[in-house]
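Shared between the two complexes below is subunit A, which pairs with subunit B and subunit C, respectively.
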Partner chain A sequence: MADVMTHKDPFFTPRRRRQLVSVLLAALSAIWVYPLVWMIFASFKPNSELFSNPGMIPDAPTVENYVRAWREANISTYFFNTLFVTVGSVVITSIASALMGYVLGRRPVPGRFAIMGLMVFTLFIPQGYTIIPVFELLTKLGLGQSLWGLMLATCGHSIVVFTLLFAGYFTQMPKELEEACRMDGVGPVKTFVYVMLPLAKPIIVTVVVMQSLQAWNDFLLPLVITLANPAMRTLSVGIYSFKGENFVDWGGMTAASTIAIVPIILLFLFLQRYFIDGLAGAVKG
Partner chain B sequence: MTTLTLRRRLWLSRIDYLFLIPGLLIFGAFILWPMLASFYYSTLDWTGFGENAKFVGLKNFTDLLHDEFFYAAFRRSFSFMLMTVPIQMLLALVLAIILNNKLLKLSTFFRAMIFLPVVTPVAVIGIIMVLLLSPFNGPINGLLLDTGLVTRVVDFLGSPTIVLWTLAVIYVWKWTGITLIYWLAALQTVPDELYEAAKLDGVKSWQVMVYMVMPIIAPFAGVIALISAINALNVFPLIQSTTQGGPFFSSEVMEVYIFRTAFAPASGQFPRLGYASAAGVIFGLSIIALTIVQAILMRRIRRKEPTHG
Partner chain C sequence: MSSVTLKSVTKSYGQTEVIRGVDIEIEKGEFCVFVGPSGCGKSTLLRMIAGLEDITSGDVAIGGRRVNELDPAQRGTAMVFQSYALYPHMTVERNMGFGLLMNGEPKAKVKAKVDEAARILQIEQLLDRKPRQLSGGQRQRVAIGRAIVRDPAVFLFDEPLSNLDAELRVATRLELAKLHSQLDGATMIYVTHDQVEAMTLADKIVVLRGGYVEQVGAPLDLYNNPANLFVAGFIGSPRMNLIAVKDGKLPDGTALPAAAAGAGHIGLRPDALAPDAGGILSGVITVVERLGDADFVYFRTPWGQELTTRFAPGTAGGAGDAIRLGVTGKMHVFDSNGQAIPA
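Let's look at the complex of A and B:
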């Protein structure tokens, strides 16, 4: 990538330029993650120090905030609620979208284009538009006050995107796969489980990762469902309510926040590639 | 095979239909049904779950037309979209072009850093920002005062005139990482040979960008703009967890308005579920209209330039 400058000025070799760009990017990255890093450091400061010490590093580091958040502010309950909703919705969503994507992507089923069209039409529906009927439906089913209801409704968010991802992927696979299975006398269910699913591993991981992120960070739905039932709160809602209820305990809040972000950031850092692939696939499709 | 009757084909596909059941149940219950039900609910005078609802026809809609809070929230939602989407797309594009350079060794690391706010729960971002931007000894105000950029503390989230801009900056910070990934995916469709050929021919790098790369990634711009625009209209979590629409409703966007009307009315008032549904219907239809307009525009553009995409 040569530029006008490089021809005139031997000081600005492409390599030097890259080093300069790296330094600038490093500075930008530092500014970018500063709020998160600041919060993690703040969670080790006692409440008295939080506002009096403007520096990042705590003078007297303490885990007191974590103990208080975990025990007294019910963060332990919220943590396990979130874990339950996340794991459950990941399992259900991946199975349901893989099955549906497989059929819509490569089975000559009458009506599949109608279903596809209907799904694409609903792709951009805002959550604020569906939240009232979703809550009403859960109440009628007797699930309005249970974590199971929250888990099921959480499956709804991205099922369309995931199904389309699976469908797109399955369409590209060679047609001979099923024929070979049929010749060998393998039934359709076994074909799906032992031949198709293993081949779709990259999409499965992508869906698992994206749904984990979605479920872990979800806000409007758990907020509405737990309005009357604080014991069912997820971490996001718990932290939000923490702010309203114990508005002086900022140390506890930052500790609770750190507890909420650590699992999802670890998941992201280890499975980064799948986050990126999943998102990139959404644009290309 | 082609002459099979429909009945026979349905019967042959019975296992496929079985496969569809779980997905269709979720889709039907949590997407399709709510879409349809919202229309029905929007015609009701309904003061709470479990309460009796009364059919009032289109009264909710006519009332909404005279509700200045609704107007303000509706306009604000779209202003917020216009305030964030262009900056976010431009910033992400510049970063993507820089990070797409294969010789840049730490590219993946920088990408991960920019992406971190995307995976952070919005409720947590709410806490961080309220603390960082606090007018009472908050670190950002401290920094601004120390460097002399301001002479008085700025109440970033408490002043009706600047709150929406503050939220726009926080929003762009949170979501640029995702737009960056979209642009990178678009840039990956540009063949490496193109850069090499251009280099051999002595074409300057900005010329490569403007005349060769831009036309290739242009069709993606429409999709990315659409996704970003819709995302910016669904900004409920960020606003609810920082300002809850305040101060004095000055950051109340559509979804916050719907939430307040349906689930968190001011004390002494009843929830108005039918009314909120009607607001939701208008908002949802506007978004669908936006999607359709965008799709038509993109198809027109593509037809004019059939060589690309």
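Let's look at the complex of A and C:
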């Protein structure tokens, strides 16, 4: 009898435990993603229904909000402004941080640690402190009122982090690869372009995703730079303008927000595998 | 192919001298092996010939041309690295042709060279694969192939077999020996810490220790006539029995033959000893290794030293047995400074 008792299946078999954990995690994810999904559904509701029907599913779905946002609220212009700034800053940031990271990670640079220390120090300065000098710099360069200036300034946010990511990754690469290139008579530039850079693909993808997110969602910097010139606004600033003095166009705002997040979600879906590789690699290193 | 000459070559890292005045002459087409324990400077020396390390003083000449100031690619050498250093993101074909392509060689010519090297190394079917899809031995071949396509005057090998398992190491060793003759006797310099590799591959062995050359010579020369205690102990497996002697007597007082007069040490290879009831060496067996073709017997002498001898298969006793051995082969004699005294 005692023998039978000890062989009774426990209620929490590993399989059941896994199922239970999955259900709990799914519930948590649903709560987490609810505001986002609500916003997307709300963008299909007319303004009149937004507060009368707080549920998720619209009674009378309409794309009117999208039409209004795209045409009347200039979201189309803002969308392409943002695209321009984002793509440009991603290109500049990726190239610059890869080059700097390579030099800091692999070349005998005098004062390397001092340079890196200074770079890390800048991470602790809040953006608000630097925004006026940055604006002034851009004005002096004659870029104060242009998207080029905004693009350049947007590069500055995370370039330190990206440079350190690249430096950390390049440090781990075996020195024999470069030596093999030297034996083959391949110069430093070609070594970087054809050997080192392709091997740093996970980091490149990480930088592309993170900088895209940053540039796409940035608010304070574009707000300050485009204050005097509404035609240069980016999406995040443009969306803010749905909030008028007496009336907030919530329908237009949700539609514009949905337009704004779609490209970023698509980008992440395409690159998520490499992105996670890159971050995991950086932690492992 | 070219000769390689090193004259009074030194290398220092700050105050630390790692190569202390090395003179080596490597003939055209020779297979020269640098051998020595870890940290003896053999890899550094190879890298200095390759141009990957600066030369602190002295001259390195390849084919009669001083190359101290030349870039690695201009020295006419090709190197096979211990880790192979294949470019992980490129196919085998691209790995082998990369250097030539980057230097502006026409694609068709590079392809022909790569195909020829692949044929010699029998890796034609691997050309489209990436290095991670290859076994250790295959990667090794690709690394050698990358050296062959450059058509170098001198091949440099930095411990190329140390990442392979024992069986593959023996097989690849044979392949390398064949390759040397197949490449019309190309000049090859090979670094290893394994004296068996050195003995089997080399035309000439350079034994290094602590940044000095201890001895240079043909494998059997070094085996039969080691110049000093270090070489005597390093070359040969199992290693030579080296016994400290005084006034022509063993530590237990047994008198030695007249040849050992004035010696500081005598050296006896394991196969130079045989059971002999009137022999000069006695001891108690501690371990017997039966290899099938021979029995290696480790025995402890009355003065507590462990020595080795070789018996015909199945003829050795067991641990704990007492044995007495006489000298049947050559007795090497070294003076008190460890230098060989010619017989």
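Going forward, the second predicted complex is superposed on the first by the 257 of 285 C-alpha atoms of A that agree within 3 Å, B and C clash if a C-alpha of one lies under 4 Å from a C-alpha of the other, contacts with A are read in each partner's own complex, and residues count from 1 in each chain.
Note that contacts are C-beta pairs under 8 Å (C-beta built on N, C-alpha and C of every residue); 3 or more make two chains touch, one makes a residue touch a chain.
From a predicted model like this one, the values you see are computed outputs, not experimental measurements.
*Asks:* Kindly say whether there is room for both subunit B and subunit C on subunit A in the superposition, answering fit or clash.
*Replies:* After superposition on subunit A, which the two structures share, subunit B sits beside subunit C with no clash.
*Asks:* Per the overlay, which chain contacts more subunit A residues, subunit B or subunit C?
*Replies:* B
*Asks:* With both complexes overlaid on chain A, does A:269 touch subunit B (first), subunit C (second), both or neither?
*Replies:* So A:269 only meets subunit B here.
*Asks:* With both complexes overlaid on chain A, does A:198 touch subunit B (first), subunit C (second), both or neither?
*Replies:* A:198 sits against subunit C, while subunit B stays out of touch.
*Asks:* Counting only touches as set out at the top, which of subunit B and subunit C does A:13 meet: first, second, both, neither?
*Replies:* Touch partners of A:13: none, neither subunit B nor subunit C.
*Asks:* Between subunit B (first) and subunit C (second), which does A:223 come into contact with in this model arrangement: first, second, both, or neither?
*Replies:* A:223 sits against subunit B, while subunit C stays out of touch.
*Asks:* Return, as a multiple of 10 degrees, the angle whose vertex is the Cα centre of subunit A and whose sides reach the Cα centres of subunit B and subunit C.
*Replies:* Computed angle, apex subunit A: 100 degrees.
*Asks:* By the touch definition at the top of the document, which applies to A:48: first (subunit B), second (subunit C), both, or neither?
*Replies:* The answer is neither, since A:48 touches no partner chain.
*Asks:* Just subunit B (first), just subunit C (second), both, or neither: which does A:182 touch?
*Replies:* The answer is second: A:182 touches subunit C but not subunit B.
*Asks:* Rounded to the nearest Å, state the minimum C-alpha distance from subunit B to subunit C in the superposed three-chain model.
*Replies:* So the smallest C-alpha gap separating subunit B from subunit C comes to 5 Å.
*Asks:* Show me the subunit A residues, by the header's touch rule, that subunit B contacts in one structure and subunit C contacts in the other.
*Replies:* Of subunit A, no residue contacts subunit B in one complex and subunit C in the other.
*Asks:* Which positions of subunit A touch subunit B when the two form their complex?
*Replies:* 1-4, 14, 18, 21-22, 25-26, 28-29, 32-33, 35-36, 38-39, 42, 50-52, 54, 92-93, 95-97, 99-100, 102-104, 107-110, 115, 118-119, 121-122, 124-137, 139, 144, 152-153, 155-156, 159-160, 163, 188-189, 192, 213, 216-217, 219-220, 223-224, 227, 235-237, 239-240, 243, 250, 253-254, 257, 260-261, 264-265, 267-269, 272, 275-276, 279-280, 282-284
*Asks:* Mind pulling up the subunit C residues that touch subunit A in the complex?
*Replies:* Residue positions touching the partner: 50-52, 71-74, 77-79, 81-83, 85-89, 98-100, 102-103, 146, 150.
*Asks:* Would you tell me which residues of subunit B are touching subunit A in their complex?
*Replies:* That would be residues 6, 9-10, 13, 15-17, 19-20, 22-27, 29-35, 37-38, 41, 49-50, 98-99, 101, 103-106, 108-117, 119-132, 134, 136-139, 142, 173, 178, 181-182, 184-186, 188-189, 195, 199, 204-206, 220, 223-224, 226-227, 230, 233-234, 236-237, 240-241, 254-255, 258-259, 262-264, 273, 276-277, 280-281, 283-284, 287-288, 291 of subunit B.
*Asks:* What residues of subunit A sit close enough to touch subunit C in their complex?
*Replies:* Against subunit C, the touching part of subunit A is residues 174, 176-177, 179-186, 190, 194-195, 198-199.
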